[in-house]
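The two complexes that follow have subunit A in common; it is paired with subunit B in the first and with subunit C in the second.
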Partner chain A sequence: MLGAWFDYTVNGFVIGNIYALLAVGLALIYGVANLVNFAHGSVYVVGAYVGWAAITYLGTPLPVTLLCVVVVCALVGVGIERLGLRPLHGASRIAPLLATIGIALVLDQVVQLIFSPDPRAVPMQVPDWRITLGGGTIGALDLLIAGIGLTSAAVLYGFLRFTKLGWAVRATAQDSDAAKQMGVDTDRVNLVVFAIASALSGISGVLVGMYYNQINPAMSFEATLKGIVALIIGGLGNVPGAIGGSLILGLTESYGIALFGTSYRNLFAFVLLIAMLVWRPNGLFAARRSLPPEPMTGTFIARSRPLKVPSWAVAVVILLAALLPLLDAPYLLQIGANSLMYAMLALSLTLVAGTVGQVSLGHAALLAIGGYASGLLALDAGWPVAVAIPAAGLITAALGTLLVFPAFRLTGHYVSIATLGIGEIVSLVILNWTGLTRGAIGLGGIPPLEVFGYDLGSVQGTYWLCLVVLVLLALLQVRLLNSHLGRSWRAIRDDSVAARSYGVSGDRYKALAFGYGGFAAGISGAITAHAYSYINHETFGATISILALTMVILGGLGNVVGAVLGATLLIALPEAFRFLAEYRILIYGIVLLLLIRFRPQGLMGTV
Partner chain B sequence: MSAPLLRLEAINSFYGPVQVHFDLSLVVEAGQIVCLLGGNASGKSTSMKTVLGLQRPGSGKVWFDGADITGLPTPRIIRSGIGSVPEARRLFGAMTVRENLLMGAYTRSDKPGIAADEDRVLGLFPRLRERLKQRAGTMSGGEQQMLAMARALMGRPKLICMDEPTMGLSPLFVDRVLELIQAINREGVTIFMVEQNASLALGIAHYGYVLQTGRIALEGPAAALLRDPRIRDAYLGGAAA
Partner chain C sequence: MMPLRRRSILTGLVAGAMASGPARAADPVFVGVSGPLTGPNAQYGAQWKDAFDLALAEVNPTAAHPVRYVFEDSQSDPRQSVAIAQKFVNDPRIVMELGDFSSPASMAASPIYQRAKLVQFGFTNSHPDFTKGGDYMWSNSISQAEEQPSLADFAVAGLGRKRLGVIHLNTDWGVTSKNLFAAAVQAKGAEVTAAEGFLPNERDFRSTLVRIRDSNPDGIVLIAYYADAATIIRQIRTLGLTQPIVAVSSVYSPKLLELGGDAVNGVHVITTFFPEEPRPEVQRFVASFRAKYSREPDTFNATAYDTMILVSTLVNQFGTTRAAIRDGLSKVRGVPSVIYGTMQFDQATRRVEGARYKRLLVQGGKFVLWQGGTPS
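== the complex of A and B ==
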């Protein structure tokens, strides 16, 4: 028994070391660039594959493998900074964060295109012996990972403490303007930091590959998330804190698995994340509990004059859309219906992220809640579909608001991280709450769409229903935006302090925004569930959250017409160019990057 | 007289759509203390940022030591021999006093020279010697101001730009800081200083400019300006002189 606990402890430390290699880089980058790098896990995957390729094709011994990984990943890091982020100097602070998401999509897809999505086994490069210690065992690989973790920490400490460039890194992290006035080339410091952070991340990837004897391109997202959780535990930008946070996370996960089983592992991580964000957003090791004032409030993304679309033009487009089923092109209608469902989600997100300025990265969770609520009401409670769908909208509004409520006092980066974590929690709860949700099997046999006896299960029916619902939601949203409520929302986004001083209570208005957003997204998820007849915990994943964000940025944040346009373009265009299907996500990533760089106000302009 | 060490020539600068400077021209002669006076929003701090390359002028030129430094990146400008004591000091609060001093010498690589200068600077600011291992952020405002000046000196600059060096200090420290500025100047370092407190600044300066809504309203030798009745109107933001 004691031996088993010893093994779990060793395992926790090893995983903690792997997380530390990720989190330290995130902390360094946050320090100098004030940026949570969402592409960090993608570099880790690049590292894993470079290591695999070096061993498989070149037969490199371990030190050479690691050297290859360090060199390639450092170069990737330099590329990210130089090409992706430096051109955004002077842009609003959320812009680089969104850019790193775009970079992550691109890197992941490139890796997948080169190496295929199939998992690969990384050949073990250390002798396979284990020593027995008090009932438990430690293997050579455990020692190697611990050794690399400790060595990296020591080298990093020496670098930051005793070298001139290290001082420059610390000085830049504390006050980059002042550092410039000492003659520090802060651009170069940024470049160096990205190189170091990316190299460490790559090493982490290779070691994980050896530890689990498996790598695949999809593991990047989880790595980014885990790194961020460790970073938040230690405190954003706190390098030693990141190491401590990583070890805590590793041990928590390992003991959690011991007590509750593997499927709870990530749930622990994300609950820990949310708990930290709510109670200790500065991290465990900070003296202050309140967050430093974040310079990220204020101007959001890009101010612009929204394009005015005359209402007769909107009416004509709606009419044309309503007539589309007469063409008798079921494939086109299917795409149309999909676009409309996404458009509802985009409406919801453009309100939350655009009008209120809470950039949510977990919006697809609302779809999942809506889909499961409606599906379960229809399946298990026997409700008619026409009642279940609006009920699901209301349930999503309530549940969504309740879940985000603890994060209301957060701003900027923290909101994005919290919503990302909440989104993952929702998906994990669905997976683990087998009694209600049927767990990993998913929800099958969901009754088709029908309204009071009229069967809308056909493609035409689905399309028309979606169109009607979307138009109603859009009209409601336009009405809200032009009301007192809409002005208060924008006031909170533009200057929360000023809004408060005018008596606008931030929390209540944020709750209303998430409530309305939850309603629209819940309806969308519910309709999707009935249209597909099967959903599971992965149907509405993080990719959809990112896709939705790309849609609303493409349309213009806060812009209702823009949201519908963005959704239609991003869903319909890849279908029109079907031969590009393989490159779909890659295209989304590139679109996101180009938008942020060249047209942050989107096609229709921000509101 | 030789060419001035620093010269701003017909600078027009903007913050977005708002024009801050209108054909601003001024010179700082080598070896002098020159102060730039003015009230809030007169464009004083922007002048300093323009010299340091933190703010790019819409038009006009900045000359330093015979070279055109307009639009150069800040680190290059610092390397060319300008030190900065930024507004509100902007020390590296989590680093020690010693590390802050060495950051001041960031552009240099002559180790013996740096060590000698460290000694010299600590001679000028003996209080800092007692606190070398202390974190800069934990010192009092006056001590931090001294460290900011010492840090600027460590780069062995020809010119030090000081943005409101007496701001937020107790009266006792204000006098001390002014004495130290004179001491630094006596060692041959030219000082270009932005100040709100005109009488204090003119008390130690050789030459002064008064800036009013982005234009030079008044200039002259410090002693003459001190006696000029218009100066009060000008820097208090009264009617144009």
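== the complex of A and C ==
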């Protein structure tokens, strides 16, 4: 038995070793630009494909392959910094983070369009000798990866400590304005850092591709996610810490598998992430326990005057929307119903991210909770659908708030990363809690929509139900925003310290916001579940969270009318432009980037 | 742009039909296809299309009612598959629907098809609940209730294994298959020593394999798709596990050899489709596929091809209305099929039985028929 634990330990180190290559680059970028780079995994995919193309088409030997990868990925890094991030200098702290999400979408799609989603084999260019260690073996490539990870960390550490440019980098990290005054060319420093980190990421992409003899464009998200978890464990911006964090993550996953089985691996990774964020947000290797100060409160709210929509105009639009079913255009109505369901989700997110300033990257989890709650109440407890849906809203409100509660004291980037982790945890719990949720099989045969005997399963019925629910939720939200409660929420967002000194306790008001937001999103998920009749843990995935965020930024954060407009546009336009299907996600990414850059207040303006 | 694109797809088919078609140009009959042409599953939609075009080019010229299809890209996303469903059920030309690819996307659209009394024919939908969505949900997807006992028979009776460690994909398909496999193995007097479920996109299986190794199996069973299977098999070998490996039919793909390299030699696979099988349906399909696309067809191509042949048979034997198609599915007998030999539907399950499983072995970087004997 001891032998097995030795093997699990070795395996933990082997996979941690691979995470380390990713985490070192992320740590470097965070250390200088104060930014969690969500595009890091996409550069890693670019590196993998550049390496594959070089070997396949040019027949390059390993050193030349790596050189190609370094050059291309460094250029991509320079492009990201110069075109995507530098123009955002002076914008709010969360803006560059959202921009890197947009860049990730664009890069992934470009790779997929060029190389197709088919997996490809990367020819092994490292000698294939292996040494036996315990019950398994490790090969030359394991050692090469470890060597590159350790060397790059050591070189970076030395560079930051002992060279002039390194000092400039650290000075920029500490206070970029002061550094600029001392004559440091901070733009150049940032450029150099992005080039180095991206080159490193590209090398890891091609080496990991050789390691598994397989690359595909979809591997970027997983890579980014694991890199970020390792980064948080090691401490944001701590380069040697990143290696330690990666090894700890690898060990945790390996021991998690040893104790509970393979399907628990990622659950362990994300629970570790949340635990670190709550108890040691500075990482395991930091002496300080408090969060580093963030110069701004970390909201992504561009000051703007919201577009005033007169209430008679809103009434006319609602009336027209209510009359739409009379047109007898079921396809149009189905799109309308979809838009309305997403509008409920957008209402929820615009409140949480816009009004209270907690930019959530895991909002789809609330849909999943609502959908499963309502589906299970109707299927297993035999509740009527009309009772199950509001009950699911309440359950989601309670459960959602409870889940996010530990993250209340976090701000800015930390909130986004924590909600991302919580979203993954919810999906993994649904997958693994087979007794309650039926696990991977999913919930089938969910009864169709009906209200006390009236069948609403037709597309007209679904549409009308969604419209009524949405109007009620929106009116309630407008009412809340204009009340004392709304002012308190905005006060917390704009200056939490000032709000606290006026006696506005952040946690309780955040809880109220997440409660209301959870209710709206839960209802949306519940209606979706009954309309679809079948859901599983993948129905409400991470891409929906990103889509919802794009909707509310498009509409204008905090803006109720804007949220509905954003949802309608992003659901209806792709249907109208079906011929652009291949470029759809690419277009989302570009729209997100352009909005962040040129119209951060969205179409309707922030509130 | 859109009409242009669609026309270019259709004209290709029509041109074939016109060239040698019957003198009286019959009105074409339309079927709707909902499937992924973009997004992470795009390769499957592309494979369907190749096979559909091949099948229609063969049957349309001599058919009284030529068939055409309208392919709408759903990205295998339920939000889009329900909108497409509304589009199809309200398009009076469409007499039958094919797809979608994944269970969430297909089953979310089922209520709409059922309500509109339009047949939804899910040819990749092995989820046991798919055809329970209503009496308009039909499928010729390979039933796991049939495949898993066949796999168990290969492992236990064929290869003489008594203790099997199972690694399965943790999805609706993987879990259903694993449960059926475990039951079948038990019925044969052998046992499953460990069953480990992994997530799509996972790449590292070393610790999973330690668990499998420590359960002390004498054979390892893979319930996965070929890409993941290639990764797992490579790691099985680098960890020094030497037990024979047996895998389900979704592992059979020319891509397995490319992604797995030398490590996949000696792996046993069952499959419903094998290009070297001498049966005439298979040989005709393989030869015409190679001629048209100059590459090897795989199981996805074969299933899609079978499906389009079935559509043409239904339309020409039973009529060109939605009701006639529904009626025809319950009556049709002996439709020629690459996968099944001949196809007919079980009235209770609305599925096809009797897939023919071949036992294969990877030898020298090629799939060959397994000739019996104990594994090396």
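Quick note on the criterion: the second predicted complex is superposed on the first by the 591 of 607 C-alpha atoms of A that agree within 3 Å, B and C clash if a C-alpha of one lies under 4 Å from a C-alpha of the other, contacts with A are read in each partner's own complex, and residues count from 1 in each chain.
We take it that a contact is a pair of C-beta atoms (placed from the backbone, for glycine too) under 8 Å apart; a residue touches a chain by one contact, two chains touch by 3 or more.
Bear in mind the structure is a predicted one, so any value in this text is a computation, not a measurement.
The superposition on subunit A brings subunit B alongside subunit C with room for both.
Legend: residue contacts after superposition of the two complexes on their common chain; A:F579 is shown touching subunit C, with no touch to subunit B. With both structures placed on the common chain, the touch criterion links A:N266 to subunit C but leaves subunit B unconnected. When the shared chain is aligned, subunit B comes close enough to touch A:Q174, but subunit C does not.
Look at A:R305: by the touch rule set out above, it reaches neither subunit B nor subunit C.
In the superposed pair of complexes, A:P117 makes contact with subunit C only, with no contact to subunit B. In the superposition on chain A, A:G183 makes contact with subunit B only, while subunit C stays out of contact range. By the touch criterion defined above, A:H484 reaches neither subunit B nor subunit C. In the superposition on chain A, A:N213 makes contact with subunit C only, not with subunit B.
With chain A used for the fit, subunit A forms the apex of an angle whose arms reach the C-alpha centres of subunit B and subunit C; rounded to a multiple of 10, it measures 150°. Of the two partners subunit B and subunit C, more residues of subunit A are touched by C.
Of the two partner chains placed around the shared chain by superposition, subunit C is the only one that A:I257 touches, whereas subunit B remains out of contact. Here the smallest spacing between CA atoms of subunit B and those of subunit C, following superposition, is 38 Å. In the three-chain superposition model, subunit A touches subunit B and subunit C at no common residue.
The touching residues of subunit A, counted against subunit C in their complex, run 4, 7-8, 11-12, 14-15, 18, 112, 116-119, 121, 124, 130, 132, 135-137, 139, 208, 212-214, 216-219, 221-222, 253-254, 257-258, 261-263, 265-266, 330-331, 333-335, 338, 431, 439-442, 444-445, 448, 457-459, 531-536, 538-539, 571, 574-575, 578-582, 584-585.
Those residues of subunit B that touch subunit A in the shared complex are 52, 54, 73-75, 78-79, 84, 86, 90-95, 99, 102-104, 106-107, 151, 155. The touching residues of subunit C, when paired with subunit A in their complex, are 1-2, 5, 37-43, 72-73, 75, 78-80, 82-83, 85-87, 89-90, 103-104, 107-108, 110-112, 115, 127, 129, 132-133, 167, 170-172, 174-176, 196-199, 201-208, 210-211, 213-214, 227, 230-231, 234, 238-240, 255, 258-261.
Across the interface of their complex, subunit B is touched by residues 164, 167-168, 170-171, 174-175, 177-186 of subunit A.
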